[in-house]
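Paired with chain B in one complex and with chain C in the other, chain A is shared by the two complexes that follow.
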Partner chain A sequence: MFNYYLRLALLSIRRNPILSALMVAAIALGIGASMTTITVNYLMSSNPIPQKSDQLYYVQVDSWDPNEPAEEPNEPPEQLTWTDANNLYAAQKAQRQVIMATTAAVVEPPSQDAKPFNAYIRLTTNEFFPMFDVPFLYGGHWQASADKGREQVVVLSRKSNDKIFGGENSVGRSLRLAGRQFTVVGVLESWYPAPKFYDVGTGAFEEPEDLYIPFLLKEELQLPNGGNTNCWKTPEDDSFAGFLRSECINYQMWVELPEEQDKQAYLAFLNNYANEQKALGRFPRPLNNRLSDVMQWMENRQVVTDDARVMLWLSLMFLVVCLLNTVGLLLAKFSGKSAEIGLRRAIGASRQALFYQHLVETACIGLTGGIAGLALAYLGLLGIGSLYGSFADNLSSLDINMVLLALLLSLISSIAAGLYPTWRACSIAPASQLKSQ
Partner chain B sequence: MLHLSSWEIGPIFRAMTRNKVGAVLIALQVAVTMCIIVNAVHILMERTMQMARDSGIDEANSFYLSSTGFADDFNDQVVIQTDLDAIRALPGVIDAMQINAIPISGGGWSMGLQTQPGAEFEGVGTAVYMVDDHVLNTLDLELIAGEAFKPSDIRWRQRSQRDWPAEIIITRALAENLFPEQSYQDTVGKTLYINDDEPVIVKGIIDKLQAPWVGWERLENAMLSPEQTLFSSSTYFIRTEPGRLDELMPAVEQMLADSNKGRVVRGLRSMQETRDRTYRRDQAMIKILTTVMITLTLVTALGIVGLASFNVNRRRKQIGTRRALGASQVSVLRYFMLENFLISSMGVILGAVLTVGLNIYLVQSLGLTKLHWWLIPVGMLTLWLVGQLAVLGPARRAAATSPAIATRTV
Partner chain C sequence: MLNMQNVTKIFRTDLVETRALSDFNLHVKEGEFVTVTGPSGSGKTTFLNIAGLLESFDDGVYDLDGENVRHLNDTQRSRLRNEKIGFIFQSFNLIPDLDLFDNVDVPLRYRGFNGSERKRRIERCLELVGLANRMKHLPAQLSGGQQQRVAIARALAGEPRFLLADEPTGNLDSKMAHSVMQLLKDINDEGTTIVMVTHDPSLAREAKRNIFVKDGKVSDVTHISASAPEPIASISASGARHV
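Now for the complex of A and B:
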């Protein structure tokens, strides 16, 4: 029976090609526009590390100015001071903890063909890699002893390994960085978390850094500050050490706490730490320490841009217009068939059967519109990619979830649009239609 | 004499009530379309205005690049002086200097300035540009009060140095922010405090210079600090004679790279490119919204055409009968136009309500600004017009119906 209805549907579609094409086009445009913006929002708000996003916490302690909060209304500062980052790391109170910052320095590749270049560097501690499930292509991360011993070791991103060593296994080789000899201990697999959740300070959809080196080398090599630096109090003296000792924030910390009680215990530890610092004359503000898991932190940093939200709203309304359009056109189309429907009713077709038949026709139109809409969404995402440049590189791809969602959305919305016209068409009294013939 | 009754509003209205759903659907479509279009135009105007703000510098003829030394014997101070002398000597270069941050680029340095010393007083935020005595000529700024920097005012700033030069130049907007009751000329010579209690004196006022952060509410607040920086990397800002930018950009890059092998020269970029990158999202939003508006109007118009054609076809016999009974072509045309006008009117009235509603939502949850009231009547008028244009084709076909149709059966 389904096949028969399908044939009838095709016949009916072919009989009114312009009206049918208009409907398909309307659905396709609506689906195309809304799928484009849904995809951008979905990718922006996607969980970059779903397997443990609720066990990783961003650490904030309120070390700020007694006269005003770091951010209204009474938010703790976005980052940590050098002192606090090192103290909290040294306490080792979480299952895993990592402190980090960004910097830049000139890399001089060992081979004469590759030119020196300015590299973006993440200063971090060794558990960065296992904690964030960072995949390695060659070698592995450095040991905790390298952090403590300020060893000149480096982990390369795949891209910089390609650039410096032509992509070969470079573990054990050396390169000059910031004027010192560094030994390569590991090379990462391609790794582009989106959003770049572990540090969204300079853009949530930027590429990860080129190189990773032990955190304390910042002090050892007097490396410049990357990212945002904020101070509420002037450093006590002009030296590099004076800056590190100051109340300036430029460092981030994440901890891994598998259970809720671990989190409570760590928060208690932070409050205790803040009180100790108060006794030393620091932390002039009331206790205001915070642990945010990955998704809470993304929410707090407003990773989904307002523009994306505005576009989502507008495009969903666009879909509504397209559907209203389809309802109108379907009504027109089905009422043109009232004579045929009357005849079929008169010779015995039940209302149910007719309803089913017309639903099949609507679904055909809807699915065609949906597939065309997917193609439009693909074009739309390409367009967004070219309009936004590198910002959108990680934000404009359709995955299988989105394809399924698009088809489902088009099917559901076209059937919803078709329900009323179908119902009206089927409630025709056969006699009234046959009379005029 | 024109009687309202001859416009047949009564019969049109009664006919509409017999096909309520069709009319309601069109009205709803018109309403939502208007809501989207008016809000989109509002966002578009807002963005266009933001992008039109003047940064105060000669953007069309300026570019910059950075140099980072890595060799052990690299002497920043000597290299910077040599570089600047060489760049300034190039034919086609109007002037050049070292600067710590680029206007409207997104990255820079900010400080708070206050009129009384003490940590308990709140400062006024400002962007800090560390520049030398070539700044007015290089950035194309106009000094509107006080004096410019002299070569002897310029000092070298070490990396972790905390103190500030004795005299600074500020923008007019900053002067007016600091001293709201005084005219900006009177702020020259006044003492301000930086870092809570370190005094600096206002040496001069410039007309206009934007901060690096275009989304900042204090975008027009900037101060010039007379110093050259000895940080790990130095940025040179270069202004060229009109038309020579494209030729000078690679030439300067090559010259710097050749003159010293112990450094990396990078980040060559024109101010035009910087502006494009900074406003790229706004540019993109404008293009996307324009596309949405055009397609949406088309969809709605096509919907109206579709339904109207259908109605015309369905009523061919009635139209023929009316024509046979003496109705003129014009009155048939008018019937359909007027019908559409009535439906559109319902649509745009509902649309006005929806538009304001969406705007209130956008203002509250996404920080947009309030709609200009006049956009609403303009939106209503536009959609009326779109409806009339869309229905014109089907209505003309209806008017062309031959009276003879009435005499034929099926």
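Now for the complex of A and C:
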């Protein structure tokens, strides 16, 4: 009977093209608006590294001002000082650990034709790449010895490699960076984690950096600070070394702790470290050290902004308004079919059969609206992309999950909208309609 | 075939109660052709609706083909309508978007027949009413008489034992009306029981029995002789008139 109902639905839609088009448009608008915001929220809140997000922990130690917390109500500072980052990294207490910061420097490509450009650089340690499952196109990451030896090695993003070396395998080749000669040891495959979980402070949905170099080169090359720098205490002197020795925070640390006991052991280590620092006259606040896994850290940093949440609710309310309009249009449409419904009842259709028939019709309208809504959502996401630039690029793509969700949402919404009109249509007393034609 | 005893139907609004049928008694035997006449508002259509299980009733007993229908649920009533009753309406009630084939197909779909069985029945019934060559026409492309023939084909497609016709010739000119009437008589001759509501006395005389309904009751029953050229009424002791 389904095929028969489908045929009747198409006939009925053709019979009232304007009414049907209005219903499709109402559903499409509602689905389009809600899918646009749902997609943005979905991408904002998606797990960027699901295979190990519960094993990676962001490290916070409370080195802040005794008189006020770094963040209300009693949050430890978001980043680490140079001293703490280096001390914690040197202890090597986790299975893997990485410290990092951002900076910027001028890159001079080897080709005389290519112009120098300012590049965003991630200063990090060698385990950044295996710890975050960063894929390589050519070569690989540098070794721990390169970190210790402050070797001038560099890993390029695929985009940078395309720009500097025309996409060739550049491993072993040189480029000048911050006025020094660097050797390329690896080129990344395209890698755009969304959110950029490892450093949401520099923009959770920004592109990853152009280049990656060993962390300690910051000191060696006196590279400028990137991202957010906060201090609760003025540095002792204005020199670069003075800044590094200060209580200013600008560095992030992640550790990989596969088991719960590893986490507990590491937290104990952090507390011991804090107590040692207290003994040295630092860490004036009570112990308040934290380990947050990837999703906890995204939540803590409010990666899904309140604006996005409000927009989501507004768009869902808009969908409800569109569906209420659809209910009205369906009531009009089905009341126009009273005579046919009465006739079908008279010649043997049960209420249930007619209910299914009209539900199929409603679902057809809903699915058509859903497909049109997907097109509108696509346009909406393109609009967001063009309005907000690179911030939105990683948030404005419809994947298969979103397409299926849109179709499911439109189907459920339209069927929900069609229940009352369908029920009313099927409740028609057949005898009352048979003399009305 | 159809047996109603003391059937009562009351339409109620907030202010008014209307007795459409009051202690209505009628027995229709298998193979009969019964016409129902009476003034407007006498209860003819209400009787037909109840007989066709399109409306419930408040009191009394109604057996259709030996089955008490009083307490049947909607699905059971729908099944009975589909399997045992064929309907013919004054205004044909064809579905305008469907061609003749698909219009006749409607009751068969709900019956659950397979495609080949439906096709066989549809073609046979359209053949019977002389419209086999117009299967793909839409109702609007036919005359009133032809549309009513399609409605008759639809009513017959399920091979019902009982045909209910509500003024089937009411919208037709006299020539077409007699043609449709002849078709109904032929169908009756094949053994199908027919109950037909009509305002037309000349058509009423073509049945085997006429029921006159007044104030929601059977007030008169006339048995009609097949050979009688003109009806001359005489009332028997039982209240039935033999012509």
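The working rule: the second predicted complex is superposed on the first by the 434 of 437 C-alpha atoms of A that agree within 3 Å, B and C clash if a C-alpha of one lies under 4 Å from a C-alpha of the other, contacts with A are read in each partner's own complex, and residues count from 1 in each chain.
The rule is short, and it goes like this: a residue touches a chain if its C-beta (ideal position, glycine included) is under 8 Å from a C-beta of that chain, and two chains touch if they have at least 3 such contacts.
These numbers were taken from a predicted model, which means no experiment stands behind them.
Student: If we overlay the two complexes on their shared chain A, which of chain B and chain C does A:N67 touch? Say first, second, both or neither.
Tutor: A:N67 sits against chain B, while chain C stays out of touch.
Student: Of the two partner chains, chain B (first) and chain C (second), which one does A:L329 touch, if any: first, second, both, or neither?
Tutor: First partner only.
Student: Of the two partners chain B and chain C, indicate the one touching more residues belonging to chain A.
Tutor: Of chain B and chain C, the partner in contact with more residues of chain A is B.
Student: Between chain B (first) and chain C (second), which, if any, makes contact with A:A353: first, second, both or neither?
Tutor: A:A353 contacts chain C only, not chain B.
Student: Counting only touches as set out at the top, which of chain B and chain C does A:L22 meet: first, second, both, neither?
Tutor: Touch partner of A:L22: chain B, not chain C.
Student: In the overlay, answer first, second, both or neither for which of chain B and chain C A:A144 touches.
Tutor: neither
Student: A:N118 in the overlay: touching chain B, chain C, both, or neither? Say first, second, both or neither.
Tutor: first
Student: Classify the contacts of A:A90 with the two partner chains as first (chain B alone), second (chain C alone), both, or neither.
Tutor: After superposition on chain A, A:A90 lies in contact with neither partner.
Student: Tell me the contact category for A:I412 with respect to chain B and chain C: first, second, both or neither.
Tutor: In the superposed model, A:I412 contacts neither chain B nor chain C.
Student: On the A-aligned overlay, A:I384 touches which partner chain: chain B = first, chain C = second, or both, or neither?
Tutor: first
Student: Touching chain B in one complex and chain C in the other: list those residues of chain A.
Tutor: Shared contact residues on chain A: 437.
Student: List the residues on chain C that touch chain A in their complex, please.
Tutor: 45, 49, 52, 54-55, 74-75, 78-79, 81-83, 87, 89-93, 95, 97-98, 106-107, 109-111, 154-155, 158, 166
Student: In their shared complex, at which residues does chain A touch chain C?
Tutor: Within the complex, chain A touches chain C at residues 1, 4, 11-12, 14-15, 339-340, 343-353, 429-431, 434-435, 437.
Student: Can you name the residues of chain A that touch chain B in the complex?
Tutor: Against chain B, chain A makes touches at 19, 22, 25-26, 29-30, 33, 65, 67-68, 104-106, 108, 116-118, 176, 178-179, 222, 224, 234-235, 237-240, 242-243, 305-307, 309-311, 313-315, 317-318, 320-322, 324-325, 327-329, 331-333, 335-336, 383-384, 387-389, 391, 420, 424, 437.
Student: Could you list, by residue number, the parts of chain B that touch chain A in their complex?
Tutor: 21-22, 25-26, 28-29, 32-33, 35-36, 39-40, 43, 68-70, 72, 119-120, 122, 158-162, 195-196, 231-233, 263-264, 266, 277, 280-281, 283-285, 287-289, 292, 295-296, 299-300, 302-303, 306-307, 310-311, 313-314, 358, 361-362, 365-368, 410
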